[in-house]
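Each of the two complexes below includes chain A, the first together with chain B, the second together with chain C.
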Partner chain A sequence: MSHPKPTPVGGKLLTPFFGVLLLFWALGTAAGTVRFLQGLGAASAMNDGYPWGIWIAVDVVVGTALGSGGFAVALLVYILNRGKFHPLVRPALLTSALGYTAGATAIVFDVGRYWNLWKVPLAYNGRYNWTSGLLEVALCVMAYTAVLWVEISPAFLERWKEQPGPLQGLARFALPLVEKAFPVVLAFGVVLPAMHQSTLGSLFLVSVTKLHKLWHTPFLPALFLVSCVGMGYAAVVVESVFSARAFRRPLETRMLSDLAGIMAGLTAVFLGLRLVDIVLRGRLGLAFALDFHALVFWLEVALAAVAAGMLWTSRGTRDAGALLRGAFAVMAAGGLYRVDVYLTAFDPGNGWRYFPSVGEILVTLGIVAVETMVYIYIVRKYPILAGAPAPAGGRA
Partner chain B sequence: MKLSRRELLTGLAAAGAAAAVPSPAEARDRKVAEAGSVGMLYDSTLCIGCRACVVKCKEANQLPQDRATLNGAPYDAPPDLNGTTKNVIKLAAAGGRSAFMKSQCMHCVDPACVSVCMIGALAKNASTGIVTYDKDGCVGCRYCQVACPFNVPKFNWDKAAPQIVKCELCRHRGEPKKPGVRQIADPACCEVCPRGAVVYGKRSDLLQEAQRRLKTQPDRYEAKVYGDQDAGGTQVLYLTAKGVPFRALGLPDVGDEAAPALSESISHGIYYGMVAPVALFGAALLTIRKNRKQADEEGA
Partner chain C sequence: MFEIATRGHDPATDDAFGRRDFLKVCTLAAAAVGLPASAAEKMAQKASSGAKPALIWLHFQECTGCSESLLRTSAPDVGELILSLVSLDYHETLMAAAGHQAEKTLHDAIARSKGKYICIIEGAIPTKASGAFCKVGGRTAVDIVNETAASAGAIIAIGSCASFGGIPAADPNPTGAQGAPQVLAGKTVVTLPGCPANPYNLLGTALQYATFGTLPALDELGRPKFAYGRVIHEDCPRRAHFDAGRFAQRFGDEGHRQGYCLYKLGCKGPATHANCSLNHFVEVPGAWPIGIGHPCFGCTEQKLAFRAPLHSTVDAKDFPPLTGPGTYPPITAERGGISPLATGLAGLAVGAAAAGGYVASRKISPDGEKKEE
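== the complex of A and B ==
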């Protein structure tokens, strides 16, 4: 099977949209400066009852789930051998690499004693505390971010190889090595995310008394894993549709609508697992308790059901709009589930409350803005997106 | 070449089973307090709420005052445990009655904070059972705050170089020349309490003493020593007045099982001997190689 080769998009960088992103970057930097100079309390609404806010729940936990596109597409192309999805690999890997790098950046903003982070991989005290799920997450996320950049590196190396200069030598040397190591790197690219995405759910197993009983279950790791794969595909769909529009590339609707069925199936599995677990463990009554948590629970269930339904019906249609709406619904359902476990369904008691501050939101938006700017820069300069270069550049 | 749903589900199930589904691994053994464990016994019925222990705790741990202004006059009045307060006395109300309550780290027998600390900055001393904090390793991730069922560890939200703040049983005040268990640690709060409402000692001795009080004065107390079994057992034990439930004091119904017993059993099941991740890696590598070879042959 032959595919259109990925080529750089070209075009000018400084568009009005890019200007807006720069503004968000500046605002995020300002809020981040306050955080580093005056402490976390000055810039955030986090407190001793809710020690984790949106930087963890959204930037890291939702962000890396959306960054699971690389993992999800790799499963499809390299494990299930569905070569026709090959054109999705590079854009998916790039978004994942950027998503994980953004998550890692958010961690540096979030941890109080960031200057000690280097001690984590080096086993401070000479031993690793493997009972800590967070240790596994930290090590896996560090390793996987590196793996993702290696996976996407051929896009850069191919480009550098063609241009005379100091990078040409490096590219000539590195490209064959990367190609040789590719199967091993890909295998890590499957195992590491499976490990830490499920462990992001395991982190709340220990919160027996603080996490609401509709969310606390031994199936937290399984639920997080299943939903991250669906969210990964959804992110790939959204990214493809927007890139096609912004950079005037052909939209692979046929390929994308095949993903619709997969996402529908995954969302159904997630929903089934979630409901069966609650029924079997005798917690269904809590869902009819007519309180805030029951409402949030049904909102989650409804979102997932709507997402599965929308995608199931848009399977063969090649209707980009319907597909896009379905993908957004999957992202919303998975995102809400994650935020609920980390924040909404978490109650430390003693009247503690949390709602993100302006500073926290600005830092989050700033990180997303930088991520988007780097994405735009890279697809313009390097061969990521499939198809021919647009004659007059794009709109983004 | 259309991917059937069944194929997809099988593939996913394999990955899922390997990486996420709790295997029916045996639950981890219940941890028991070391024979040398030390702790405190707080008897709410003896406490008169003088707060001498709160002031002394700050002094002994060089913690700044926590100022509040009441009717124009300043007080050192911490409302709760916080980044400058390791010990606090609060008033609890139950029915028409009131009682005093002392809060500080419970020094759990099977501490959630130690289980989750990725770097080992929080650790449980193998012989004394004191749960200690080492700021030089701590990255400030605050997972300990999420995990502690008693909301004990506090964080310096207002500092550019924050730390976790919690009672370490005044281990820094233990000295070889002091008598008995005071060689190990020497809680300042116990030293100053004018009523003996909070006393320091070996956990086993304190438990015996608490049970003796329950037996000799059954009308005075609720018939339970909080911390004997709760949360898997704690090294700080509590007695409360009859009619004032422990919940009213702010001691939650956490059950007798330590939270890490559950979370560690599940994670241990998933990662038992690293079999699942290694198998998943091997299977992935083989499949990728096979598919690649096939593609090369087709391409040739």
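== the complex of A and C ==
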């Protein structure tokens, strides 16, 4: 493969944009402090009817779907052997590692007894409920987050290997090991997300009476899996275009516009599966019920249809803007679908209501801000993005 | 070693009641009321040396329920108690004497063991109209209690009425009923509130005084800490249901049948200091309000008993969580609300993301790229 080698971007860290991120980090930290000192009730609007709020629905469920870029690109490059997408692997893996780490952080905020979390992987007592979907998600997400950091570790090790210092020895020792183990790690990196991304949908199979009939279907796992792959590619596209702009790197438009076709196809499959399922199971009438749920349903369908259409037409063109809009639409459609299943279309009955509190929103924004700051830091310091370093340093 | 000196209870004629049986009674009594094992032998020694503590038991505005509950004890039973362990010199319900003979007994008892006897007061003391609402032998309750308490070694107020007025002092309190501590202001009065008081709390206090000449540690309301140091809630058999948020919502509902926590039905357990949850009444396991499915009504608390409505709830929020933050379930679960500020913020975030995305994508159009180049 004769691609330009990934190189660090370099440049100064504290830009105005970075300052805005720091502000969000401070606000999120303030809200998070309330949560940890005063408890969940003080900081969040979660209740017994909605024990999962946006920290789960957005940070974990949408966040890890957007973090499926690593999975989706690895699938393309290593499983389907499309080598031309290879330059996308590292940025995608980094985005995924950060996305999953952000999701895991959100779980620490969300779980009441967070100090017991370590017991899930490390204190096996012979009494695990192996038929539990949530256990599978917990173990799988934890394992995959670790796998992602191993997958991206060569980027750090390569850098450390060149610098004299205490890390140099580690890098010299670890890099060959990681490279040797890479096929196995990669296999895990494809199997694990396929497992838990579908299980995120399976979790709601049991909520027959609580989840609205337009959303509840035996196809929930399939829909979650298909949408996560599309959202993963979309995240890669957005991240590539923004990085290219911000760090003044060559735009990988041709490669990305090839992804557009794949995304359009995946979105069409998702939409088709969703609509055919509803029609065949005789639930289409609910979509014309003129109520809130029907409105949200059509918004979802419209977003997905627009996304598929936009991406299909931008396929083969060099219009990065159109590509970006299509990717945003895919992310919005998939994100809305997930939030709907977890919150909007979910009604536990008995008059329970939920809308995220200010604290929850601030923590969510704070986590995203930290994730972005870490991304900026890493691409400036470590070889993630392909191409020559820009002389001016970039804008981000 | 010991001479069993009992009045009307001769071990020689009473079959199979010897020293061994007597020691057994003392041991049972000591164990039942939480005194150390050595107390049993000391108690037996004292009783055999004829130095049995004298008890003078006064009745005023009450229902005799506290005496009744004492009659129900079996370890020691009341017979062993008043015949072997203590010398019950005056008790209007249990004594055979009547009229002038009874009055003479009281005076004799006071004179005989001046400064040593235990004065037990049962019932509230009326103070309005010069105390005319309750008279025994022509004297008012206030006079009797003042005279008897003046030369007593220890004063014990048994039951809620004697401790703080109880039912007779409930609004509008027409007789101006007061508890013994109020009437005997300035004196140390051990209060054993309860409706009725648990007889073992009386035995524990009385036998400790009889054996060691000391009183147990008391709280600021005069209640022995060994019995009133913790609230019902702390040792309640239904506590797990409280912690798990499982409540009976109304009498006879599914939760009530399942034995769930009675807090929402008005249980005063979280605010009531007593040992009912550990030491049930009349030695029948489960025989106490919560045990039979009724909320605790706070009979040992002056602020609650006969004042707070029977089915109103007390504040349980101060109750310390079991293990760290976040594990304490809400008592009244909130059904969730929507804050206008949060909706605004959410709208702003979503709107900013959408607009930002659109503007960014416009900037990165092919024209823009050409300009850059």
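We adopt the following convention: the second predicted complex is superposed on the first by the 391 of 396 C-alpha atoms of A that agree within 3 Å, B and C clash if a C-alpha of one lies under 4 Å from a C-alpha of the other, contacts with A are read in each partner's own complex, and residues count from 1 in each chain.
We adopt the following convention: a residue touches a chain if its C-beta (ideal position, glycine included) is under 8 Å from a C-beta of that chain, and two chains touch if they have at least 3 such contacts.
In this text the structure is predicted, and so the values were computed from the model without any measurement.
Chemist: Sticking to the clash and touch definitions up top, decide whether chain B and chain C on chain A clash or fit.
Modeler: In the superposition, chain B runs into chain C.
Chemist: May I ask you to decide whether A:K119 touches chain B, chain C, both, or neither, giving the answer as first, second, both or neither?
Modeler: Touch status of A:K119: first partner only.
Chemist: Pick one for A:Q163: touches chain B only (first), chain C only (second), both, or neither.
Modeler: neither
Chemist: Touching A:G265 in the superposition: chain B (first), chain C (second), both, neither?
Modeler: first
Chemist: For A:L134, is the partner it touches chain B (first), chain C (second), both, or none of the two (neither)?
Modeler: After superposing on A, A:L134 lies in contact with chain B but is clear of chain C.
Chemist: Is chain A touched at more residues by chain B or by chain C?
Modeler: Between chain B and chain C, the winner on chain A residue contacts is B.
Chemist: Is A:G351 contacted by the first partner chain B, the second partner chain C, both or neither?
Modeler: Only chain C; A:G351 stays clear of chain B.
Chemist: By the touch definition at the top of the document, which applies to A:L40: first (chain B), second (chain C), both, or neither?
Modeler: Touch partners of A:L40: chain B and chain C.
Chemist: Considering only touches as defined above, state whether A:D48 meets chain B (first), chain C (second), both or neither.
Modeler: In the superposed model, A:D48 contacts both chain B and chain C.
Chemist: Given the superposition on chain A, at which of 145-153, 163-171 or 325-333 does chain C overlap chain B?
Modeler: That would be 325-333, the one stretch with clashes.
Chemist: Would you please give the residues of chain A that touch chain B in one complex and also touch chain C in the other complex?
Modeler: 36-41, 47-49, 112-113, 350
Chemist: Provide the residue numbers of chain C that touch chain A in the complex, in ascending order.
Modeler: 245, 324-327, 330, 333-339, 341-343, 345-346, 349, 354, 357-358, 360-366, 368-369
Chemist: In the complex formed with chain A, which residues of chain B make contact?
Modeler: For chain B paired with chain A, touching residues are 1-3, 5, 7-9, 11-12, 15-16, 18-22, 80-83, 112, 115-121, 135-143, 145-147, 149, 151, 154-163, 250, 252, 254-255, 259-260, 262-264, 266-267, 270-271, 277, 280-281, 284-285, 287-289, 291-292, 294-295.
Chemist: In the complex formed with chain B, which residues of chain A make contact?
Modeler: 36-42, 46-49, 51-52, 75-76, 78-84, 110-114, 116-117, 119-120, 124-125, 127, 129-136, 138, 183-184, 186-188, 190-191, 194-195, 198-199, 201-210, 218-219, 221-222, 224-226, 229, 258, 261-262, 265-266, 269, 346, 348-350
Chemist: What does chain A use to touch chain C in their complex?
Modeler: Contacts found on chain A: 36-41, 45, 47-50, 112-113, 115, 241-242, 245, 251, 318-322, 324-325, 328, 332, 350-358, 360-362, 365.
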